[in-house]
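In what comes next, chain A is part of two complexes: it sits with chain B in the first one and with chain C in the second one.
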Partner chain A sequence: MSKVLVVEDNEMVANAVAFKLQREGYEVIIALDGREAQKELAAHQFQLIITDIMLPYMNGIELIEFVKNNYESIPIIVLSVANQEKMIMNAFQLGVKDFIAKPFNPNELILRVKRVLQ
Partner chain B sequence: MHDYKILLIEDTKSDILEFKTLAQKHNWKVEYFSNCFEAFNFLKSNLEDYWLVLVSSTTIPLNSVQIQNYIQNINDLQFSFVVTYIEPVTVEEYLENTFFVKKPFINAEKDLKNIVETIIKENNFNSFVKSNQSNIFNLSYLNEVASGNEDFIKKSLASFKYFVGERVQELISWKENLTDENIKKIKETAHQIKPSFQMLNNEIGADLAQELCYEVDANNKEEISNYVLRLKEQYDLILNQLNKEYPNL
Partner chain C sequence: MKIVSLLKELWASFNGLPFFVKFNITAGLLFFFMIVFLVFFIVSLRYRKLLIVVKRKSFEKELANMINEYLFLDEYSEKQRSTFITYLKKDQLAREVALEQFLIFTENFTGEYIERLKFFFEEVGLANYLFNVLAKGKWVDQVKAIHILSELKIKNDELMVPFLKHKRQKIKEQAILYFIKTANDKPLEFLEELTQELTLWEQIHIEHSLRYSYIGEVPNFATYINHKLTSVSIFNIRMIRLFNQYESIEQLMPKLNEGNQAIKKEVIRTLTTLNVSNALPFILQNLKDDGFLVQKEIIKAISQMGDYQMLINLNLNLDNPYLELAFQNAKYNLKSTS
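So, the complex of A and B:
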């Protein structure tokens, strides 16, 4: 089953995403900031990354650039509040596969994840 | 006996937010419109109720006189009319049977309560229609995610209590010393905790967090302090309710 890295600094949101994905059978690891995400990326093989944009230490855009440079094949979904248009555009220019607005619709999250992993 | 309800026509976001805070406190059920034409259509299809209609004196495209005129011509509509204003109103002479309330709403609580009580007495209403559920928070979103898993809901509520609680305390401490660094942290934290309020369906907390981000962008230190305090108040309201309903979190 696919392993998903969830990078989100709000633990309530992170736990909700993880709970929903685990119920669908995905293995989920949570990183609360960009640096933690880098460590997890070095330690595991992920099939998908779901990341927030505004993160402590290393923002989501920097993380996406890092992933594109070092783990190019891992698809990325951005999970962010909807009023970050400029950042979200940047993320798409960097090659993210999808954008999900917070608070996420639980069923939509699963559909989007399945679509990206197909 | 008709039901007696409130309708607010207001296009200033901060005023709407303040009114929501009052409505939450008094458990008033309110319909909000920023566009008067949408409000007219709504009233036309809700003629069975008695409406306390509050209209901002600065609404566009119709002003408060034109709105009152229009509403008076909706057949069978029963209503009382309140004009809300910041600057002294210059249309008083044109408006009959109208109450006036000076904004900001947060300072007009007593006036609004008096108007409500006057109308209730004059019309022999029992009281305003109260909201069906606590306005503080509800679990509809978490229930949707949880699909029946009670542990997940409790874990999420505990996360709100402690995780958001710690962040709110940080906001309060940074507010005491609004350096550039602390202002930046305030925005990051407001942005960080906003979804937690949304997950509890507490619109006011989410809106306050968003407004706080805007005030940081505008570098408006007075308003930053004000919004931090109001966000803390909102968190405390939720916390009190959580402690009552879930004492073992």
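So, the complex of A and C:
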């Protein structure tokens, strides 16, 4: 069973994503900010990270940089609003696998998760 | 008995004290009890707030879980549904939390999930609850209710029309946005119902909603250029310009004979932006009777679509410094391009 880290500051959205992923058979851990995500990364072995860009304490870009420097093999999907073009470009330059714009369709998210994990 | 006699003794010795000492003791005691009361009051307020936070957290968790189950589980039983409804009936806080959550879900999800959310929202009676708020609630709650209904695209135009004529600006503004956000086509049909002029902010909100919230076909703004309200007419003429509706030029031309100078100015500006150079003779036909603002607009029109000679032949009275500035500017532009 693949373990997924969902980093999202809106608890409700994070829970909804986790709920849907769990229904599809993934093990999910939620982090509500970048620092919490760092702690979870140290404590577990993840196969995928789904992260928002606008996060408290440590934004999504900083988190992606941290992951690329320390856990290079973990693929990342960015789940964020589409109006942060510069940040999204930065994220792709850092090597994220995919980008999903909010508002999003949870079914599409699952398809993309499956594709990235293949 | 001992305490009673002690108190009597105290009272007797208190009575024997000089006045200023008695006054000091009384004031000190009063102050002490006031402090004690204030501390108790603050602590109880804090405690009450804490209880609400805890209760809200628990509602948030329970309700979010229920919505998730409804959205993502294939089977959702009648029992689960009635549990949700019972939860909402519990108290006002549960309904408030549920409304917030529906809004967050709507903002973040698309596709079939939005339709499911909307269906669920109506099914558990929250739509009816908001309709009741609209009928009898306070105006601040009515504003919130209209906002939620428009975000969830729950239609009840009949109920909403009176709010377009509401004396409170905020309610009118939300009602306007409601009609645009919930429209599948003809998003400006509500304009027919308006009885008060549109404020500048309302015009900004309408334009913004048309661009970013409304997903249907762009409306034909020319339909409303003869509206009884000047602001509505001007707004639609401006939209013809901003949305490049060249097909409306024919309907704009008769508006050049308009007596209302603000409307005429907007028409000239639109024709100029759309570069309708053959409109120039019609633009110039009442030049002498036009006011300063229209004359300034005419100079700009000639600067863009006319020539140097046309500008000189205007023979305008350039007493107004702003008009003269516009004239000299146009003269310079035309001279340098000729």
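Observations on the structure shown:
Here is the rule we use: the second predicted complex is superposed on the first by the 118 of 118 C-alpha atoms of A that agree within 3 Å, B and C clash if a C-alpha of one lies under 4 Å from a C-alpha of the other, contacts with A are read in each partner's own complex, and residues count from 1 in each chain.
One rule holds for everything that comes next: a residue touches a chain if its C-beta (ideal position, glycine included) is under 8 Å from a C-beta of that chain, and two chains touch if they have at least 3 such contacts.
What you see is a predicted model; the values in this text were computed from it and never measured.
In the three-chain model built by superposing on chain A, chain B clashes with chain C. With both structures placed on the common chain, the touch criterion links A:N70 to neither chain B nor chain C. In the superposed model, A:P106 lies in contact with both chain B and chain C.
Of the two partner chains placed around the shared chain by superposition, chain B and chain C are both touched by A:M12.
After overlaying the two complexes on the shared chain, residue contacts for A:P56 are found with chain B alone; chain C is out of touch.
Legend: residue contacts after superposition of the two complexes on their common chain; A:K20 is shown touching both chain B and chain C. Within chain A, the residues touched by chain B in the first complex and by chain C in the second are 10-13, 15-16, 19-20, 23, 102-103, 106. If you check the complex, the residues on chain A that touch chain B are 9-13, 15-16, 19-20, 23, 54, 56, 81, 83, 102-103, 106.
Considering their complex, residues 60, 64-65, 67-69, 71-73, 101, 104-105, 107-113 of chain C touch chain A. For chain A in complex with chain C, the residues that touch the partner chain are 10-13, 15-16, 19-20, 23, 102-108.
Against chain A, the residues of chain B that register as touching in their complex are 141-142, 144-147, 149, 152, 155-156, 159-160, 163-164, 188, 191-196, 198-199, 210.
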